[in-house]
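The two complexes that follow have subunit A in common; it is paired with subunit B in the first and with subunit C in the second.
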Partner chain A sequence: MRYVKISKQDTYEFLERLKKIGTLYAPHKVSEKFYDFCEVDDVKDVEFDYQRTIRPPRRFFYPEREVLFTFDTHKVELYENLPSKEKQILFGVHSCDIVALRTMDSKFMDDQPDPYYKVRRDNGIVIGISCVPDEYCFCNVRRVEFVDTGFDLFFHELPDGYLVRVGTVVGHKLIDPYEGEIFKEVCPDDVENMSKFEEKRASMFTTTGNWDTLRYFMEMRLDHPMYMRESEKCLGCGNCTLTCPSCKCYDVQDIPSIDGRTGERIRYWDSCQFRSHGLVAGNHNFRETKLDRFHNRYQCKNSYCKDTTTSFCVGCGRCTYFCPAGIQFKENLMEIAGYKGGTT
Partner chain B sequence: MTTSEMRDEGKENIYDTAKCRLLRKYDLSEQDKLFLFRFEDPEIAMNWRYGPGQFVTVSILGLGEVPISICSSARTMGFFELCIRNAGRVTSQIHKLEPGTLVGIRGPYGNGFPMEQFANRDLLLVAAGLGMAPLRSVFLYALDNRWDFGNITIINSAKYGNGLLFKKELEAMKDIATAEDISIVQTVTRDPDFEGLHGRATTHFDKVNVDPKNCAVAMCGPPAMYKGMFEELIARGYDPRYIFVTLERRMKCGVGKCGHCNIGTATSWQYACKDGPVFDYYDITSIPGLI
Partner chain C sequence: MGVIDGCAGDCRPRVGVYALTSCYGCQLKLATVSKIMEIADTVSFESFYMLSSASKMPADVDVAFVEGSVSTEKDLEELFEIRKHSRILVALGACSVNGGVQSWSEGEMNHDQLHAIVYGEEKIGMKSLQATPISKHVEVDYYLPGCPPEEDEIMYFISAFLFGTFPEPKDYPVCAECRLAGNPCILIERGEPCLGPVTTAGCKARCITFNVPCIGCRGPVPHNTAWFDSLAMTFKEKGISEELVRHRFRIFGAHNPDLEPMLDKIYKGGK
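Let's look at the complex of A and B:
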């Protein structure tokens, strides 16, 4: 892997140059409390220190709603509506979200790849940035607090700039023209500073250890009273799944035009917390109760992803942070597994 | 871009459909009809293959898609039959289609029954209600390759006599030459006026003409039936390695993407459409929530 350094000031210059390559998205403060990835207009608006965006970065590769096909009902023809190959650059993605994108890849780019997702992913550039955890974060116990793959560049904060890890050939080509100009050589002090940053960061997590045993405890305690107690609080709003960086359920619907001659086949994000998720014709529901649906999400999020060797949940804390009922995902999992938690 | 170029490119799209023409439809019961389809594109028709227990999605533009088990013989090239119950928004529209209409088909999807493993064994097929649809495909496969299989017994059950799918077709098996060693048991559970057998599938094991030690079992019906049948089969000495069932779930994509058919628990998270819909005895008994 290749390592270079960039100063804080030059980072703005680099962002300006990235804008010329494609559409640049980066975290912005969108309200008093919330951040979101927005298209970069003025690079000075980009937030380098943020906890979590309200919407997960997967939406750039797998939008909330998209037209898969348009159709003609008389000719009985479907017309493919593939996305354009324009470059999308995501700057400032945290390590948890990068791994979450890889868990998405494991399903959407398997032996039967989803063409819509694949076109966008193939034309996407992901630039990561280091972060410090708050009390909702538990990426460390998910083993995703430091990523080795899934990014083109990764910016590690230093007191006077960023140490940049170059992850791919695409990333290499991004910095190569500016080598010696805005990207400098890394000196031993920078490595020392990165090491200090990582050490300090590691001490800030409120959970410690490794949660790989979690899914086994969950299976041995399928009837744990937590599920009933917590699902009673659940409003079934689907916020947890919409904000989740690794949730990928979608529904498909045909929207005919007013004369019925043409129309669009669209897909949009679905949530396993909705009653309709397991409902089939004849009014039979495979996940009839709120408890069933609540249970389903806990099993799904903690199941094993072969490609990343982690669980699908990456510990970003969004589902808890944005839950209107205050359901504590992390604490509930610790209760099931009997983990005592960390420093707090 | 011309339309033909768009179509060629579309072939790579896993969500694209192939045009099929409805050739015939037959009434099977008040709610169920059998539809015979043929692929419009001769190339697809020649190359399209499927196995018993696999399914397709039928697309009616403007309404959507539904997953349906294929119920015909895997040998009929370019043609296939679907047994469809008038149960929902899309299926009620399919029931209204007249021969000559075009629909879109994607598939085949799912793992299907492991017919190679079934070879050289007796076959016991247990169906309840619509369950006869995928099992008919298994049965026809066995007839097509009769020399690969031993005795065959089919237990076909339904609530009411007029809901017994393929009743006449199965009865007619008695009269044809290849039907040696083929036993057909048709039973109803809630129809006192039915002239024939009454009671659940499990009550008619005395009429089953297979060797439990050397028999493959394929079942399709409601999950409640599976539980009773498992107990009965194991008690009678059937080999659990050769007991298979097929599951129903809500499915949108058929290719392991949309997430609706997810089943299992944290260490055994699976999609019924891609990892199933056929599961064996060990899957069902070791993974909670499958039935």
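Let's look at the complex of A and C:
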């Protein structure tokens, strides 16, 4: 792997240059406690130090709502609406979110590629950034706290800039024109500093231990009393799934237009916490109660992972941080599996 | 069954827009959607007093949109007539769907007490009733909530009928749309009593986007999935009193039968 270094000041210059390649998105502070990926207007507004964004990065490749095609019922024709090949650059993505994007790929690209997702993903540039955990983070026990792949560049914080890992050919091409100018050679002190950063970061995780048995305990303790107790608090609002970086469920609907002839087919994010998610013809519902729906998310995030072997949950903490009812996902999982490590 | 079945595209569906006791805001919204001229070309408005004085009451129509709550004897008589002359009946707006703000006192005081407070000894030229949603009196086919309803939903309903299909109701809360809009959560951040988690989606979190907590104008999420108890528990933990929570919930949801039992469960430890 190739390593280069950039100073804090030059990072702003690099962001300016990225804006010329495509649409640049980066974390912004949107209120006292919340951050979100926003289109970058002034590079000085970019937040390098943030915990988690409201909306997950998957929305840039798989938007909340998109028109798949339009149709004309009289001509019996449909008109594809594939996304443009415009470059989208995501700067400041944490390692958990990068792994989550790869679990998205496992469903949207690997087997039967989804053309809409693929066009955007192929034209997307992902630039990661290092972070330090807060009490909601548990990416370490999910084994995704340090990524090897899935990014074009990854910025590791140093006292005087960033050590940049180059992950792909696209990443090399971003560096090449500025090599020696804003991207410098890495010196032994920088490596020492990165090492110290990682050591300090590792000591900051509040959850410790080995979670490899979790999915099996989830499957074997389906009737655990936690589900009933916690689902009572649940509002069924879907915030946990809509902010989740690895949730994939969508619904499809035809929206007719006023001419009574044409219309559009849309795809939009669904949530397993909604009643209609499990509703099928004949008014039968696979997940009739709030408890069934609550249960489903816990199973899906932890046990439905035969293709990826890593769980869909990447420990980003969003589902707890953004739960209006204050349901503690991590603590509930630990209760089921009987883990004690690092309980605060 | 589609509205235009048997027309083969030659006839125009007949539509009626009626108002019971209300502010007329819903029909004003319908009359001012950006594509109103296209709607007027496509359907025949048999009755829509805001647009045409040639309106009849009642008229034989394929689709009737009824705004307002039943608040007088006359409202009730008109509503029965409208139902008799309409193939499809749509409740339009908060008053029609859930009774609206005028039904706030439902269950709190009886109609005679309310009447005495509002009118005193004065005689009025009509027989008033406790304000109720139209579904208490007639069969309603579809519900189009909002105060007033959203333009895209009005267009979706009319377009769906023109297509010979039906509008799919939303069964998830405003809270979901709010997060998708990228809004910070004012319930989490500021502890404001926001009703987004129990209110039917469709407004794309209009108020919260302007930093104002949801007061539930679109009514509780249908199919018994408005969890007043869970939300009351959340409010209680944030130190909000039962009285304030009840008042908030009742502004647009006084007729919801789940409301009181769910509040009791949280604040009084009932079942």
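Operating definition for what follows: the second predicted complex is superposed on the first by the 336 of 344 C-alpha atoms of A that agree within 3 Å, B and C clash if a C-alpha of one lies under 4 Å from a C-alpha of the other, contacts with A are read in each partner's own complex, and residues count from 1 in each chain.
Quick note on the criterion: a contact is a pair of C-beta atoms (placed from the backbone, for glycine too) under 8 Å apart; a residue touches a chain by one contact, two chains touch by 3 or more.
None of these values were measured; they are calculated from a predicted model.
Visitor: With both structures lined up on subunit A, is it a clash or a fit for subunit B and subunit C?
Guide: Fit: subunit B and subunit C sit side by side once superposed on subunit A.
Visitor: Let me test your reading of the model: by the given contact rule, A:Gln253 touches which partner, first (subunit B), second (subunit C), both or neither?
Guide: In the superposition, A:Gln253 contacts both subunit B and subunit C.
Visitor: Identify the partner contact of A:Asp36: answer first if only subunit B is touched, second if only subunit C is, both if each is, neither if none is.
Guide: After superposing on A, A:Asp36 lies in contact with subunit C but is clear of subunit B.
Visitor: With the two structures laid over each other on chain A, which partner does A:Met1 touch: subunit B (first), subunit C (second), both, or neither?
Guide: A:Met1: touches no partner chain.
Visitor: Give me the angle at the C-alpha centre of subunit A between the C-alpha centres of subunit B and subunit C, rounded to the nearest 10 degrees.
Guide: 70
Visitor: Answer with first, second, both or neither: which of subunit B and subunit C does A:Phe69 touch in the superposed model?
Guide: The first partner, subunit B, only.
Visitor: Identify the partner contact of A:Phe274: answer first if only subunit B is touched, second if only subunit C is, both if each is, neither if none is.
Guide: Touch partner of A:Phe274: subunit C, not subunit B.
Visitor: Using the touch criterion from the header, give the chain among subunit B and subunit C with more contacted residues in subunit A.
Guide: B
Visitor: Just subunit B (first), just subunit C (second), both, or neither: which does A:Ser303 touch?
Guide: first
Visitor: Considering only C-alpha atoms, give the closest distance between subunit B and subunit C in the superposition, rounded to the nearest Å.
Guide: Minimum over all C-alpha pairs of subunit B and subunit C: 6 Å.
Visitor: Both subunit B and subunit C contact which residues of subunit A?
Guide: Residues common to the subunit A contacts of subunit C and of subunit B are 73, 253, 256, 260, 263, listed in rising order.
Visitor: Which residues of subunit C touch subunit A once you look at their complex with the stated criterion?
Guide: Checking each residue of subunit C against subunit A gives 4, 9, 35, 38-39, 42, 155-156, 158-160, 162-163, 165, 168, 171-173, 175-176, 179-180, 182-185, 187-189, 196-198, 221, 223, 225, 227, 229-231, 233-234, 237.
Visitor: Please name which positions on subunit B make contact with subunit A in the complex.
Guide: Residues of subunit B touching subunit A: 3, 6-7, 9-10, 12-17, 19, 59, 61-66, 85, 87-89, 91, 102-104, 248-250, 252-253, 255-260, 262, 264-267, 269, 288.
Visitor: Subunit B touches which residues of subunit A in the complex?
Guide: Residues 68-69, 71-73, 76-80, 82, 107-108, 110, 112-115, 214-216, 218-219, 222, 248-254, 256, 260, 263, 265, 270, 272, 277-282, 286, 296, 298-300, 302-304, 311 of subunit A touch subunit B in their complex.
Visitor: Which of the residues in subunit A come into contact with subunit C in the complex?
Guide: 30-34, 36, 54-55, 64, 73, 232-239, 242-243, 253, 255-260, 263, 269, 271, 274-276, 290, 322, 324-326
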